[in-house]
Amino acid sequence: MANFKGHALPGSFFLLFGLWWSVKYPLQHIWKKRQHGRRQDLPLLSNKIDLIEGIIKVFFAFVGIMAEQFVPDGPHAHLYNGDWVKLMNWQHSTMYLFYGISGIADVLSMSPLPVPAGLDRFALSLALFIEGFLFYFHVHNRPALDQHIHSLLLVAVFSGSASTMLEVFMRDNSLLELIRSSLAIVQGTWFYQIGFVLFPLNGEDWDLESHGNIMFVTMCFCWHIAVAFLIVGINYTVVWWTTKKFGERHKANTEISLRKTTYTDSSSQKALLQESDEES
Amino acid sequence: MANFKGHALPGSFFLLFGLWWSVKYPLQHIWKKRQHGRRQDLPLLSNKIDLIEGIIKVFFAFVGIMAEQFVPDGPHAHLYNGDWVKLMNWQHSTMYLFYGISGIADVLSMSPLPVPAGLDRFALSLALFIEGFLFYFHVHNRPALDQHIHSLLLVAVFSGSASTMLEVFMRDNSLLELIRSSLAIVQGTWFYQIGFVLFPLNGEDWDLESHGNIMFVTMCFCWHIAVAFLIVGINYTVVWWTTKKFGERHKANTEISLRKTTYTDSSSQKALLQESDEES
Amino acid sequence: MANFKGHALPGSFFLLFGLWWSVKYPLQHIWKKRQHGRRQDLPLLSNKIDLIEGIIKVFFAFVGIMAEQFVPDGPHAHLYNGDWVKLMNWQHSTMYLFYGISGIADVLSMSPLPVPAGLDRFALSLALFIEGFLFYFHVHNRPALDQHIHSLLLVAVFSGSASTMLEVFMRDNSLLELIRSSLAIVQGTWFYQIGFVLFPLNGEDWDLESHGNIMFVTMCFCWHIAVAFLIVGINYTVVWWTTKKFGERHKANTEISLRKTTYTDSSSQKALLQESDEES
Amino acid sequence: MANFKGHALPGSFFLLFGLWWSVKYPLQHIWKKRQHGRRQDLPLLSNKIDLIEGIIKVFFAFVGIMAEQFVPDGPHAHLYNGDWVKLMNWQHSTMYLFYGISGIADVLSMSPLPVPAGLDRFALSLALFIEGFLFYFHVHNRPALDQHIHSLLLVAVFSGSASTMLEVFMRDNSLLELIRSSLAIVQGTWFYQIGFVLFPLNGEDWDLESHGNIMFVTMCFCWHIAVAFLIVGINYTVVWWTTKKFGERHKANTEISLRKTTYTDSSSQKALLQESDEES
């Protein structure tokens, strides 16, 4: 869909997932630390969240495929009638298909089935690789700036694929998760940037052969990276701060209720002491 | 052998090995889990299977070399008579040679000799690398679609070589084994696809310079990947399901025979309890 | 800043950091070894040094950005007025920005906040990557020697980025730290070399298209590498030798003071014996 | 030195080292296994061998530099007199220099100094990288076959550099040591092959632009790889077989002398029993 909306849609998907991950992973790490003390229900919640994420991914991929196929000027599931029909839409459908597979892998990994460790991360890495792979052969024979701005997208896509592949072997590495979140945000905002440059909303077309524009766009990509890491850093801090505040208030409440029921059961008291040790 | 059969032959080899691996590895992992309880004879069987696989590999490689050398229009073991004789066939023979070496490495690794750990995987990775390496210099000066469709083969070949190299250092990683199986299937089906495109059975030649054909073929390669992972996933599930069913029936049988011989030997009873603990 | 000073300034920064690291890391490793015995105050000092290093990095990055923006022929914070304003200076500012971010990551990693492990190394690796990334698109459409001499800089920059990325996962690896120090020195001296070649101080311009000059410059880059490793090796030896001498004199002093206070406390004696065991 | 001897000299060096390593490493692994039982003098010998190897490397590098500088048509240590003097010889000298540095690193690693772990492997990897790096810019503007045959050398050189770099982090990995040995042999025999092709001894010049020759040479490189692995495999087997035979005869001798001195000391008997357990 070669217009602004066609870039805003996938951009929003990636931005949404990037932001969501930048909140989810710090939260999960904090929960994991606390799990030793109490609140055995939270890890279950954490598993459920991953399951829902997988289902949403499958749903989004399905919506994406349907949109690409059945927009008014789409191929309507026809592939060949003398010549290939709307291959661009078919390629986009293929990209969505692999994100759908990644969603299915997420769901399977959360199921009690004996799925190989790391399948979910591998499927995501593959989806990113396929996206980059199809884009790579996508952008030949276009104006210089158009090619360049898409190549920069590939830097985010392939870096994301590589860092996610590392997660297959180094699971639960906080840093790799934050890198993945940041690169998803970069991809999201860069899709918007491509939309703004190639289909400017104010109608003033960019000179697609200007060397100055290419230099600016390269530098602008670096700024997107800086902003993405800033956003992830802020979310990380907010999550950490909030859970700390909440944890303290909760502890205070527990201590009050403890005083009421005190002198009754020494074993529960021990457990609580142990918990507050681990939380401090 | 530049015809349909010349692509179907290696395609069938890779497809066969890919399918076989996608059954063998889940089976071996399930056996390994059960090994702790009982059935000490199965790992021995598992070793024997690997040995037979190596011997079959050597045999196939030998057949491949002989076929390339002694087909009617082959070089018949002549390399140089004023000019190089049928270098294409010699290159294919070289590829088969390295798969033969990989088979020998498999056999040696199963032998009681003190072979360095990971030699079998390294030899397979090398064979894939040599295949890709020779293909890489193979496809210059050909029409655009011919070059492109062979380049896509290289993606599967070099990915396979890289993932097998990882197995040298991360042995018995379920995911890497499934990736290798999938990439072997992709290679197999893609050899068939090359055959269908370059030597169409219905006689309608493809336009080898059309950009649309190149775009379709790129996307089609992604579909092959998706199908390969689907096949491996199905095989994995079937194996897991079957062994579970078989395991339960077997356990039921054992429990019946146990009741008959009960009250006789308390130590054997303990062993059986232990076994069912580990199986559940 | 396309003149000699514009290359001497960043060159000096990198040279300074390379030399400093080649002293700091051996020192930290020696301190860590001794820490088991005594001198619990030194690790604290070591942490403070890292903190100060981070603050200096932020300060240098700030100075660099200001210099690039507000030199007489700089953009003075204007980005666009009909056309892009002084993009070269903006690109350099962007490079400094990421080194500033790396400095902030250093400070955060030394703070008591729950920062993900390896963030400081990742931020440094990213800063090096961004530097190389911007330089890569920087040097098109220039004379052959100019392009080549900048490409060689990229070898040092990307190798530094890769080796620093490895440090994220292999922390406190002496060798990787020495490699990073050496590559920083290489980058520093090579910036000077670029300055000498492109803006010769004696006024005799180099022939920027000569193949001989390109061959010499390539070889000269290797000499820079050899010299950088030599410098790092000498610093390593001097640090090791000095701390050994100092450690022995210190031990001798302690033994003298021990004799004076002898026969008084047997537990302190034990601690000292233990310490000298660990130091020998 | 653009003649047959100029390729035979470095070829012989690499061949020699490759063959030597293919004997040394299996021997060291066998010694290490036995070390637990007895013969504490052998590891010392093993260290001495590494030391001597380092010294020989330094000596060879020195000879190489001197030969390149002071052959009749060499630069005689002159670098610039109006134009660059014999840059080819200077580049070769630079290559030898880094192998000399690698020799020094070997010697230092065997010394009692606190050298960072893996320095010897890193220095060797760097020497190989520098060799490949200089060759890469060495072969422009030459006939097609000349370029191609040197590019193939680079495959062996950079693979060797990469596998040696892996050894920095995975020390004493039998397989990596065998790969390094094989790649050194490949490099050695390929230098000879380059000599045979570019400066044929029988005087019949090869057509340097023929596509057939390029195809043959590519395939021939694969044969060199196969032969190198065969040689390393044979050496490995011979070493293993010989030490086993020797070990058995030695054990038999010990048992005879044991019988003579029997009934005398029960503690020495125990030690011997323990030893034979570990050897079997």
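So that you can tell them apart, the chains are marked A, B, C and D in the order they are listed, and the count of residues begins at 1 in each.
In the analysis below, contacts are C-beta pairs under 8 Å (C-beta built on N, C-alpha and C of every residue); 3 or more make two chains touch, one makes a residue touch a chain.
Composition by chain, UniProt nomenclature: A, B, C, D = Transmembrane protein 45B.
Here the structure is a predicted model, which means the values were calculated and not measured.
Q: Strictly by the touch rule at the top, which chains does subunit B share as contacts with subunit C?
A: A, D
Q: Validating interface symmetry: for the copies subunit A and subunit B, is the fraction of residue numbers used by both over half? Same or different.
A: On the two sides of the subunit B and subunit A interface, the residue numbers are mostly different, under half being shared.
Q: For subunit D, which other chain has the most distant CA centre?
A: In terms of C-alpha centroids, the chain at the greatest distance from subunit D is A.
Q: In whole angstrom, how far does the Cα centroid of subunit A sit from the Cα centroid of subunit D?
A: 47
Q: How many angstrom lie between the centres of subunit C and subunit D, each centre taken as the mean Cα position?
A: About 33 Å, centre to centre.
Q: What are the residue numbers in subunit D that touch two or more other chains?
A: Residues of subunit D touching two or more partner chains: there are none.
Q: Taking all chains into account, which pairs touch?
A: After working through each pair, the chains in contact turn out to be A-B, A-C, B-D, C-D.
Q: With touch defined as at the start, can you tell me which subunit A residues reach subunit B in the complex?
A: Answer in residue numbers: 83-84, 87, 90-91, 94, 97-98, 101, 113-114, 116-119, 122, 126, 130, 133-134, 137, 141, 168-169.
Q: What does subunit D use to touch subunit B in their complex?
A: The touching residues are 155, 170, 174-175, 178-179, 211-216, 218-219, 222-223, 225-226, 229, 240.
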